[in-house]
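A short worksheet on the structure shown next.
For reference, chains read A, B, C, D and E in written order, and residue numbers begin at 1 within each chain.
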Amino acid sequence: GSKSKSTGEKKGESSRDSLVIGMAAEISTLDPHMHSNIGTANLMLAIFESLLTHDFVTDEIKPGLAESYEVSEDGMTIDMTLRTDFKFHNGDPVTMEDVLYSMERTMESAFQNVFWDAVDNVEAVDDTHLRFNLNQPDNNLPYYIADFANIVPKAVVEADPDGFARAPIGCGPYKFVNWSQGMQIDMEADPNYPDGEAPIKNVTWRFITDRSTALVALETGEVDAFMTMNGADFDQIRNTEGLTLKTVSGNNTYYLSLNMEDEVLSNDKVREAICLAIDKKSVIDGAEYGEAKIADHGFIREGQVGYSDNFKEAERDVERGKALLAEAGYANGLSLELKCQSSKTTHAQVIQANLKEIGIDVEIVQLENSAFYADLENGDFQMEFGGFGQYTPDPSSTFRYVYRSDGVMAGNYYRLNSPEIDELLARGEVSTDPEERQKIYEEVIQLVEDAHCCKYIYWPTANIAHNSDLKGVEATPVGEYDIYNYYW
Amino acid sequence: MGRFVLKRLLQVIPVLIGISIIIFTIMQLSPSNPARLILGEKATEEQIEALSAELGTDQPAVKQYFNYMGGLLHGDLGNSYRTRMPVMDEIVDRFPTTFFLAILVMVVSTAISIPLGVLSSLRQNSLFDAITTIIALLLTAMPSFWLGLMLMLIFAEKLQWLPAIGSTEFIHFIMPTLTLSAANIASNMRMTRSSMLEVIRQDYIRTARAKGAPEKVVIVKHALKNALIPVVTAIGMNFGWSLGGAVLIESVFSMKGLGTLLLNGVRTKDVPVVMSAVLVTSLIFCVVTLLVDISYGFIDPRIKAQYENKR
Amino acid sequence: MSEKLIEVVDLKKYFKTRQGDLHAVDGINFSINRGETLGIVGESGCGKSTLGRLVMRLHEATSGSVYYNGTDITKLKGSKLKELRKEMQIIFQDPYSSLNPRMTVSNLIAEPLNLNKVYKTKQETEARVKELMETVGLAPRLINAYPHELDGGRRQRIGIARALALNPKVIVCDEPVSALDVSIQAQILNLLMDLQDEYGLTYLFITHDLSVVKHISNRIAVMYLGQCIELASSKEIFANPIHPYTKALLSAIPVADTSVRGKKQEILKGEVVSPINPKPGCRFAPRCAYATEACTSCELSLREVEPGHFVSCRLFDGEK
Amino acid sequence: MKNTDSAPRKSRSFIQDVWYRFKKEKLAILGLVILLIIFATAILGGFLLDYEKDIITQDIPNKLASPSFQHIFGTDGFGRDIFYRIVWGARYSLLIGFSGSIIGLLVGGLMGAVAGYMGGTVDAVFMRIIDMFIALPTTILAVAIVSVLGPSLTNLIVAISIANVPSYARLTRSSVLTIKDNEFIEASTAVGGNGVHIMMQHILPNVLATLIVQFTMGVGWSITTAAGLSYLGLGVTPPDPEWGNMLSEGRDVMRYNSNLVIFPGLFIMVTVLALNLVGDGIRDAVDPKLKN
Amino acid sequence: MENILEIKDLHVQYQTSEDTNYALNGIDLNIQKGETLGLVGETGAGKTTIALSILRLLQSGVGQIKSGDILFEGKSLLELNDTEIRKVRGDKISMIFQDPMSSLNPVLTVGDQIAEAIDLHRSLSKQELSDMVDSTLELVGIPKSRKNDYPHQFSGGMKQRVIIAIALSTNPELLIADEPTTALDVTIQAQVLHLMEELKQKLNMSMLMITHDLGIVAQICDHVAIIYAGKIIEYGTVYEIFDKSREHHPYTKGLFGSIPDLTVETRRLTPVKGLMADPADLPEGCYFHPRCDECMEICKNKVPDSCGMGGEHYVRCHLFKERQV
């Protein structure tokens, strides 16, 4: 993303000019169009530029390679004006040809083509003017452009796409230097970056899968910052002199899904009873070391479209839960299966204990990732505990996966099948009227609540721990970090 | 002996083919679709189909297998589904770490366990024996992730002698080696001890003593060599395991090794990666087993005679 | 005369060694009649034990055949071989290594009985074990002792009891009494001969104790480096040894009489031929006082120099 | 000097004989007692503890408590008593550790013995099959088992057993190779002993020592390895406790609450230690040269 | 003449988990410098035990020296510490073990095993050592080309010769030969005995020759001791013992009677009747009395003392009590 230099003073004269930043997951590619992964996006942010920039701290869209952008009244076209002062790290200027090529590439990418359903085509009006022609308005489009439509040098990519994925050339603030498989990626600040050379010269991204190790590495100074620390270690980090922990409520939402097509769970009363039995606080305390926020509004947080003070989620009510179960014919209790990834077994155990209180015996089946998702897709489960991340602040993108009846393979695992919701979502996606959209999403949220298809439990804490001397670090809900802002 | 080695080397081929079939079958058995695992939960049907076509995973399993094996014959290990890079590169990149670690572990654990085992066999039922046994067992029962963290807290954080993470320099290997050796030490030590106890009561040991040989010579030259066979077997097995099973240690010390590659491969059903990683370790393993078998011949001439007369 | 029970035809056993093939048994021919004892004597390392093992089919012959009752046992398999094992037994030379150190005396003696399911009940087996122990002179107290607790003599008796357990027809005795003191040796030899009288046993009796071999054997074969160099009735051999090696052998017997003390004995001189890829010709030639140039080149075979007296020596080629 | 006890030694079976001598080994008896206590705990735990109340009921406000009078080993992340869970978990851990090792021992021991004894083609075929299994990472094997048989405790035992087989096979084979040339084996052949007999009567007792060591160490290995496979869904299902799983559960907080991993680890160790003592005892008892 | 070895009232027991074997019950023996003492006796009489006691090689924990002393060149061997006894073993006193099969290390070549014995006590160059090994092997009649073979490749007699070679290679002052020729044919036996005789002459070596073979005793021993159930029952010069005109212990007579005679044709041999004494269950009185044809009442209760029979000849038997000097 382009570097809106909001932060005021920059201390270029610090003694340190290098930064080691740790990340938990090994990345698989540095080709910006061949991933849909947050960890990878962090690196893209440093190496590449998009037409627009997503400020992850404020969730605003800001100019990037395009110095301005304008959405037409009907939302069907977007016009942009390109900046001409950007150069790729190999010295070539960024041309309209590169931009068009890049757009084409992301739209064809198996990883990213879903984002561009609304885009008919992208055309060059002239050398510096670009137009997106849409087939329907899409409120999320600027975010997609900012996050995924990184600009790559056409000539270089075409010459050797595989080589490019391993040693990319972009026009962002950092130049790629070296990638040591399974260990680290090195980059250095590009002195020719038009918005000014990044304050930290050398940056190393270090893969550390084990969080306990990451903490030791932070303590010994072998890494200067680490994203996604473990909740268990928060107190230790906070109490360690020289380390700072920044947290913010993350964009993920964790919830319990109930398979509505299941024989037992198709009974609305049973589902409602289950929803009433969940004690969110106990899940957070028992499984998240108390370091998470109760999700009391589904996916929607304050400030997002669809958020309403009037929305009231049903309170926990064990007695009523029991009564409902009895009504449903399960006065003597009931056994259900709860599937989860093995990393979420602790959460499942709390839920198990919660449900026990209304007389439901839960058998936990912990599965390895691929088996877990296979079962979800095939509807081969009764209850499932998992999470879903929101890339963009506009709910439409998330909701189309998780609530639309055709989304059973991609998020609507509880198999919600409501024509009413489908219709509302269809309208919400294309509407450009904020008020109308507010109403639509409020309605959807209420409908979902009433459907008892799932119980939202918590929003985890996104965090970054870092050396207290490192400045400019802010936690972001998405977990993406723009190191251009960091300085010693 | 030469013929024996040659024959055994030829046997490596069917073993590798067997392993490749087993692994491939196992990978096919797991229900998930690699394209889905790569693209993530939000991917649509079409995206998955497109990627599957690109990866070739939509083809019949047998065909995929032969494609892979065909490539293998030409020295092409295929491209990783996940990273699209040639698997060969990844393996070449990571193998040395794993191999070096395995060697170090073997050396360290052998160097510690054999003398300890010998000493405790000589002092059977003494205090020394009891203490070494208990320490050895403590080491085995200690989860390696815990031991790893403790070492890290002591040596990296408190004393600041060693770096906590990394796998590029020798110094990085010290703690992982200790951690991995811990479990091996115990079992090798016990094995040595028990084997020595068998041998030490043989008549030829008495003969050696009657020659006036110092106890050290009696032990090392006469007893140990006779006691070595099960120990060498165990060392070989452990070496193989450190080669393929050091995932936990790699992750604790953040080393780039084959274990992590393999585990990620399994998790994302990255068939070429898993196949290649297992085949490479298998190959090494076959060689190690062969070396162990050959060493039997050098340790015990009667076994050598069995090899040569191919009874 | 009585029929041939065992016939050995051109039997060979080569061991592979680093330097080449070791000719342990190199073309041996003989036969043993039912109820007869054939003594085998010869220099240590000349292949006597190997021959015994070959006859027992404990080694696979390199070539040649061993006929037992007309069937070639070198080709037997499975149950037929098992049947044979009941009829032929061996007493091993070494009482130390031929007994499993982890088995008690009773287990060791009961093993052949159990294996061939001779008795149905444990009691019967135990009774037989005790009987055998008595036969060979082992105190009943030792029934649960382990071999290593026993001295060499008692261990050898265990081996003998094992061999006798199945009432075999043929016993290969590989130096069965060399570890025993003379008194016990006498007991055992008496026992073997009694058994022979009673059951018509046939023995292949390997030993280097010439007084013993003379006492027990009907005929004696003398071996040298894998080959049979002289074969005759035991009286004949002692009375009229022909082969120079046999002569040397007989002259070397120590006599339990102090009056011959100090008499200079003849010690065989000369280099011992290595059994590994031996050169053609007489293998005794380098140590033979009568050897000539020709001895090292000619092909030798056993020939009858007198009725029933066979010798393989060039010196007697022309005589008869 | 006179020995009044002149009666012949009592005739005993092999097992009786071994037991007779085993009884004299103090340490071995200690090990046996510990082992029996652990087994008794595993069995009695079921009667003394209330599963619902003591084992699975959560008390989250009271989580991660340090050892105290109330909870002698402290509490885990859900406020459950670690001691009770260890006691309850003994049944699973022992089951996994022992059955995995026993099956591995039987199958591997048999394969190794046959391969070593028969030699030639049988050896080549068996040992190359074993090679394949050694080279097969346990994780991958477990993946296969989960895919075909589904996740469960039984299938975990299957996976662990298979993973155990190669080491027993190779160790047995190696020992067989050294002893099969002994003359007493030949002596047994001479009296009609067939392969099975020779293997059981002559070879097995002589490889026992090696196998015992492997077994005693293997039990601990099985328990900890089993825990590592839980992410595949193999093993006990939460909230049931099991030592290996308790180790992994404590992993995140082990730095601050080491009691979560130390106590289950200690129990694994004590079990393995007791087993080792018993194993040493058996080994000495079956070696008649050590009769003393 | 000076005694090189003196054994005084030696009692040795083997303690097994069930029995105590009274293997030696008061042995008194002397070996003079340069002479050969023949030790003859039934199997299980304790011959090997005496030998092992001298070198202190009894199986530790099981075989225990209960009382008595063993003096070598006037110094007690039982009081030496580990290093000191090691200097004696192999160098001053060598032993030929009875069981050649298990006494050789199966994983070392025979050449190495001989070389080791020499190397431990002599400092020789590699070449000298190798030459010495070659010549030692040839001395016992094994082609030197076979020095790189392993014990399992040797026949029983060849292994025995290797054991002999090991013992002789260091030119010991005292050689304990425990049935050194049981597995050897007579020509090799003669060769080996001749070799020992030579060493004896050349180096004034003394020898304890344990054997069953009365022929050997007659030919090479100077003194003979006959042992029965852990006690010396007859002792004398070889001439005295073999002197048929003298009176002997009934057991000795039995022994001589049981040798098959090359000159006479007999179908049956005449062994000593009865079973050998059981060291765990020794009879009261004279240990031999249950098997003795001339057993008297006194023999059943009283352990006989040693009676001088004239010259150096002693017999431990009640029959000759009156003749005691």
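Note that contacts are C-beta pairs under 8 Å (C-beta built on N, C-alpha and C of every residue); 3 or more make two chains touch, one makes a residue touch a chain.
The shown structure was predicted, so the numbers you read here are calculated from the model rather than taken from an experiment.
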item	value
Required steps from subunit B to subunit D (each step between touching chains, minimum)	1
Pair of chains joined by more contacts [C-beta pairs], A-B or C-D	A-B
Taking each chain's C-alpha mean as its centre, the one farthest from subunit C	A
Centroid distance [mean C-alpha coordinates] between subunit B and subunit A, Å	39
Length of the line joining the C-alpha centres of subunit D and subunit E, rounded to whole Å	50
Subunit A and subunit C: spacing of chain centres that average the CA atoms, whole Å	89
Whole-Å gap separating subunit C and subunit E, where each centre is the average of the chain's CA atoms	27
Residue list for subunit A, restricted to those that touch at least two other chains	212, 368, 371
Subunit E, residues touching no fewer than two other chains	16, 18, 59, 99, 101-102, 152-153, 280-281
Sequence positions of subunit B contacting 2 or more other chains	30-31, 145, 149, 153, 201, 203, 300, 302, 305
Residues of subunit B defined as touching subunit D within the complex	11, 14-15, 18-19, 22-23, 25-26, 29-31, 125, 133-134, 137-138, 140-143, 145-146, 149, 153, 183, 186-187, 190-191, 194-195, 197-198, 201, 229-230, 232-234, 236-237, 240, 244-245, 247-248, 262-263, 266, 274, 278, 281-282, 285-286, 289, 292, 296, 300, 302-303, 305-306, 310-311
Of subunit D, residues touching subunit C in the complex	6-12, 14, 17, 182-184, 186-194, 197, 201-202, 205-206, 286-289, 291
Subunit D-facing residues of subunit C, complex	53, 56, 58, 82, 85-86, 89-90, 92, 94, 97-104, 106-107, 111-112, 115-116, 126, 140-146, 148-149, 159, 162-163, 165-166
Residues of subunit E touching subunit B in the complex	55, 57, 59, 82, 86-91, 94-95, 97, 99, 102-109, 113, 116-117, 120-121, 150, 152-153, 163, 166
Partner subunit A, residues of subunit D touching it in the complex	56-58, 60-61, 63, 77-78, 143, 146-147, 151, 230-233, 237-239, 249, 251-256
